[in-house]
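These notes are about the structure you will find just below.
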Amino acid sequence: MKNLPAYIVLLPLCSALLSLALSKIHKHLGRDVVFGALVGSLVLSVVQLVRVIQNGPIHYIFGGYKIPYGIEFSVDTINAVIVIMVCMLGVLSCMFAFNFDKNGDALQVGGAYTMHALLVLGMVGMTMTGDVFNLYVFLEITSLTAYCLIAMGGSRGIVSAFRYLLVGTVAATFYLLGVGILYSVTGTLNMSDMAACLKQGNNDSAMLMAMMFLISAFGIKMALFPFHGWQPSAYTHAHTGARPLIAGAMGKIPAYAMFRYLYCIYGKDFKYFRYVLLIIGVISVCGMIYGSVRAMAQKDIRKVLAYSSVAQIGYISLGFAIGSPLALAGAFLHMLGHAFMKGGLFFAAGAISWKYGTFDLNDFGRIYKRMPFTAGLLTVGALSMIGIPPTVGFFSKWYLACGAAQTHEYVYIFVLVLSSLLNAVYFFKVIEKVFVQADKNRKPLHPEGKGVTEAPITIMIPVVTCILMILLLGVFNVKVIDILLISLKGVAL
Amino acid sequence: MMTQIETILAGKGIYFLTLLLLTLGLYGIIVSRNYMKKLICMNIMQVAVIFFFLCFAQKNSGTIPVAMKHIVHAVEYINPLPHGLMLTAIVVSLGTTGVGLALLTRIKEKYGSIEEKDIIEGEKQFR
Amino acid sequence: MSMLMLEAVLLLALIAITLVVIFNKDLMVVVVTYCAFSFITMFLYIVMGAPDVAFTEAVIGVISTIYFIMTLRNIDRRCK
Amino acid sequence: MILTALDYRPGIIVLLPLIASCLIYVLGEHILPNYREAITFAAAFPMAALVYSMIPAALAGKEIGFTLLEIVKGVPLQFSVDAAGMIFACVASTLWIVTSCYSIGYMRGHGEKNQTGYYSAFAMCLTATMGLCFSANLLTFFIFFEVLTVATYPLVVHYRDEEGTRSGRKYLAYTLISGQLFFAGIVILYSFTGRMDFVPGGFVNTGDIPMPWMLAVFILMIGAGIVKAGVMPLHSWLPAAMVAPTPVSALLHAVAVVKAGAFCTLRVVLYVFGPEAARFCHGSEILAWMAVATILISSLIAIRKDNLKARLAFSTVGQLSYIILGIAILSPFAATGALYHIVAHAFMKITLFMCAGAIFVTTHRKNISEMIGIGRQMPVTMTCFTLASLAVAGFPFFVGFTSKANIIMGAISMGQPFFVATLIVSALLALTYLMPVVLLAFKRDFYNSQFPVKKEANLPMLIPIMITAACSLILGVMPNFGLHLYGLAAMAGNAIFGLSL
Amino acid sequence: MRKVLPLILIVICLGASFVTLDFLPEIGDPSSKPNTHTTDYYIEHATTETNAANMVTAVIVDYRAFDTMYETTVMFIAGVAVVLILASHPERKNRIRFRKVRKKESRDGKPVYRTINKEVVIPLIEPMIMLYAIYVLFHGEISLGGGFQAGALLGMTYILDVMVIPERDSLIRLPKDKSTALGGIGTFIYVLTGILCMAGGGVFLEYEKLPIPMHALEKHSTGMLLVEVGVAICVMATIITILNGIMERVHFDDDTD
């Protein structure tokens, strides 16, 4: 079991590599292998979390060299949890995608699942890696697969994908530049070694400059407010089967990487740390307001959710900007929670579109009569977005607010309140559409009977699981926070 | 005169020129309205970063990092690590370019043009 | 002329090419100039003592130029 | 709160309606449509029995309850039973049975749609209300408070029409904003004091929070309560929510929502801040004057309303401010009165609303001017209406009298003659807006023209009306009848101010 | 406006960075941090630990082999992505017309492609390129080059072939479904090497634990060679895939003139 972290990335990789070859044998063989591998990864990641909690952080060095020379996977409780989140969303959205690959040849089907597995792999790798350049490679894997999955979404998708490609490459370049600056003053690529080297020397200006590049790089990748331009259209027009994964998990991983840089590599000894945090705080506050305001004006549920992601990412980076242990824990709780909320909402929207082929909010009128379960689950997801207890959205907000109160930054509390009120405006608009407003003439895509007709089971399982996770994370949030705090204790302010 | 220039170059000059190249690439991405050009400017930007890495890997009077029997000291070889990293970066840039070009081909087929203005115009037709 | 001067001159040449790329209206010219760009880049890598990278760039330069030209056959050469 | 005995009953009480709600939603529309009422009753009766079974313990002053889990770091999700919560729980659980019974008659009689959602949301509201009653700390309280906010929304938009949508939005705007501010207040309070649990007499010391912050936190936390209780500048969602079906109005205005607001104010002022801190930061004065203004203004508005339900709604606004005033006076008597007024107002107002609903179902008339002589057709209903009206006006030997007398005594003991005058004037005003209804109903001239036949509403509606009307009479004569509600109120009032019985 | 505003911003940024550029190490300084901290280890131990004279190769396929594995995966992704993007919504009219074999003759009866003599290119240059590619592949550890360059050169052969004589089948004949699968298999060889190391009881990509009866240094060489073969196959397949993908859509106007 000493190779546990390696297996987690190798399983999806191998399945992805062989998926195309296997698809030549049977159209769905590659897909099944990918699904199995993702499930395997999920199981292994849970095992990994248990081991990390029991035995402390795992440092796995590829090639068996000493620590600054080889590439290291360093797994602590935080990224073990995030890996579980990513794998889980990966499995669910893979299952969800089963319904959207009906008309494609073996190459397309196999290729799409290849991309799917590799996207999961990229995110998992980005989370676990302890090497700054390795992070870049995983970042590129994530980006390239995302370009492809977005481009598969149709006519608008290709343009969105191209724009994302340009912006994403700029981000990757900036990241590389930041890494270059850090490497030029430390001479190492290993994160822990780099942290040690940075503490010794007097490199504050270099670090500041690198940090600016890193913030813009990760900001672009996670769609933080001034860098979010690519995001709404990309989330909106991505391939339906992959949209929950892209929207749910993809923005969170760069956020985690940013946390890594801010707190694990730079640390509070950095001279300009306060200023950097202030900058992040200001942009996240702007993002929280801006995203919500833009989301209110949208008529397409995908756009609503995409803009709300801009706001919700702001919550996460706000937690980083506050920096007290509770706020950081809250940010991570929100990261987990939001992944499931957004995933669940996109799954639910996907269920509706599977039946009626529409994402327009005006076509959602009283859809609860036909799909009461989907509607109910959608409502729970939306309530969690607003932050109504006992869903996870409330508790992450609670920790963020508590953290802000601990450091006496009361402005942040009121921004949180304001943002969740703005969230309420457009999510209750959605709920109102689903439950209250009159029917529009929808036409079902598939033949259906009278009365309640839900989407097929492979769509419903992801929806139900995500919403269940929201509630479970909400009710048992203290367990999660305790697990997170094990690793946060050392690094937080 | 020459030595002065060289000191400036060694200290800041080359870095500055590299950064200039990088920012010109960025400027090109922002300013060009043709997606093909944006793609090429993106490539230029990536090249600039590769220069940046190779800049500080140089050593005065160092030789290329292939071990030879009569040279034994580490000082005499140029730093191989950035080279390795940049190989990866180049490969990635090729991959990105390929995907970008494929997207461009599709965009041209769908929208009939790769000018930003036409594409924004065309986007309104599709939902 | 020392190595650093050579690097500076080559970099300046690259910057000039970049300006051509940005401001030229003919995409074919842009692509061919970009080919020249990667050629000079290759030299620069050799000057910087990175023959491996130079080798790769030489190969990649050709391949990506071919890709660009192939794509160009599908789209308009002129750009506004 | 230190618990003296472990007891899972509060948890079961909260769980019962929750399960009922889920069951109704899942089975409701298509699988077992006619089992909605059965499920409701199956939950309501055991729940009421469980609540009643805890009265002896509460009377004995035992603090029973249990901690479910740690809901956020450092704060448990804790349920406990104390006198104040017990009162509210008794009222709510009793009236759930009554209202459910009435709902059957109303919904059947009126041929309503969307009954699944209605019963489901109704049960959910009860879950939240019971949670509010038994919460042992602020966070638990807040969680159920927000659940209540959301669970009421489907009831407000029940008819799914334009007007319902609009009032639904209004309702959400008011309650969500105030709820979020409540949240901010809780966070800031917690960061200053590090405590959350309800203590009779409050845990905030005057030096805990610097002064301007203290008032700010007080106002933030009070906001949620007074919005739900409909105190005057923030009341306008309440009349708007009148579009809902009558049992909902009864629930909103008599049982769950508005009372939850009043109860929230009570908890915040007397169990979190405590009399001293509240007086110290001048929050209680602001609250008291707002309540006074509301009592007078709402009564004046009520006189002008022709729609019976609207008139009752404004009456509610005024009556609830009695409770707020009783809390804000900060004396043991007033607190007892305020708590007992929760009971009193619940029984009186639910009777009135149910009468209005019965009239509507039977005759399809909403306006008072159309009801002249209706006493002929529906003598029982109108008799009950008369009884309840008298109770609202505070006639002796009615339930309203006991509570108001206590509040007045509190005001006198604190040397606040203006409050006394207000209460007396408002009693007269209540007579002014309710008596015309009664008088017109029994007006002889129109006996034969408009309502020739004697035709009461159906039995499931009539029986609850009679029960609640009887209750408001009996509890007026014997305040401690049955459930010892007055005793509980007095206990709570004394505990808050540190007096022994 | 659109052109000037970014320019101003960029000039400001450049100015600011010019002022603050002091923190970067001086170029060519052998004692600067990046040239000493970890590098010395690589330079001094590359030959003895990994049996590779070319330190760059030692770094990329031994010390940082994990990176290179994903670099190869990136290539594979690019290939699959191109195929998926260009084939995801097939439209008849935009589908390629595979070039018909037609005699290319201009009006006066002379062939069009006179500048490139295919009799020279096909039998002479292409085998040489391929031979060179194989040389580069197998000598990656002692001299310049490696799997990637070899793969690219092999891909170049195909490109050359296609470019020179479009109507003729290439030496390497790979339709896109096969080439993408081949790319996957190439990367899988890489992964398999690592897995073999794990099977031998080591960590992932620890060549010393390869389960083959050899000397430790030889194991390193073998491992690196396997890995490079995988890289070469993947890169070749990907380059061919991308080219095919783009070429499929091309209308050769001058074919039909």
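Letters A, B, C, D and E mark the chains in the order given here, with residues in each chain numbered from 1 onward.
To be clear about the criterion, a residue touches a chain if its C-beta (ideal position, glycine included) is under 8 Å from a C-beta of that chain, and two chains touch if they have at least 3 such contacts.
Protein identities per chain, from UniProt: B = Cation:proton antiporter subunit C; D = Monovalent cation/H+ antiporter subunit D family protein.
Small disclaimer: the values here were computed from a predicted structure and weren't measured.
In terms of the stated touch criterion, the partners common to chain B and chain E are A, C, listed by label. Fewest steps needed to get from chain A to chain E, stepping only to touching chains, is 1. Taking each chain's centre as the mean of its CA atoms, C is the chain most distant from chain D.
Remark: the per-chain Cα centre closest to the mean position of all protein Cα atoms belongs to A. Contact count check for A-B and A-D (C-beta pairs in contact): higher for A-D. Separating the CA-averaged centres of chain C and chain D is a span of 77 Å. Centre to centre, using the average C-alpha position, chain A and chain D are separated by 43 Å. Separating the CA-averaged centres of chain B and chain C is a span of 10 Å.
Touching of two or more other chains is recorded for residues 9-10, 14, 20, 26-27, 31, 55-59, 62, 65, 81-83, 85, 87-88, 91-92, 94-96, 98-99, 101, 103-106, 109 of chain B.
Contact with two or more other chains is made by residues 133, 137, 140, 144, 147-148, 151, 154, 158, 161, 183-184, 189 of chain A.
Shared interface positions of chain E, i.e. residues touching 2 or more other chains, are given as 17, 22, 24-25, 27-28, 32, 34-35, 38-39, 42, 54, 56, 64, 67, 71, 74, 77-78, 81, 85, 144, 148, 242, 246, 249.
Pairwise, the chains that make contact are A-B, A-D, A-E, B-C, B-E, C-E.
Of all residues in chain C, those touching chain B in their complex are 2-5, 7-8, 11-12, 14-15, 18-19, 21-22, 27, 30-31, 34, 37-38, 41, 44-45, 48-53, 56-57, 60, 63-64, 67-68, 70-72, 74-76, 79-80. Taken together, the chain E residues at the contact with chain C in this complex read 27-28, 54, 56-57, 144-146, 148-149, 152-153, 155-156, 159, 163, 239, 242-243, 246-247, 249-253. By the touch rule above, chain B contacts chain C in their complex via residues 2, 5-6, 9-10, 13-14, 17-18, 20-21, 24-25, 27-28, 31-34, 36-37, 40-41, 43-44, 47, 50-51, 54-55, 57-59, 62-65, 78, 82-83, 86-87, 90-91, 93-94, 97-98, 101, 104-105, 108-109, 113-115, 117.
The part of chain C that touches chain E in the complex is made up of residues 4, 51-52, 55-56, 59-60, 62-63, 66-67, 70-71, 73-74. Listed in rising order, the residues of chain D touching chain A in the complex are 25, 29-30, 69-73, 117, 142-143, 146-147, 149-150, 153-154, 157, 160, 164-165, 168-169, 172, 176-177, 180-181, 183-184, 187-188, 190-191.
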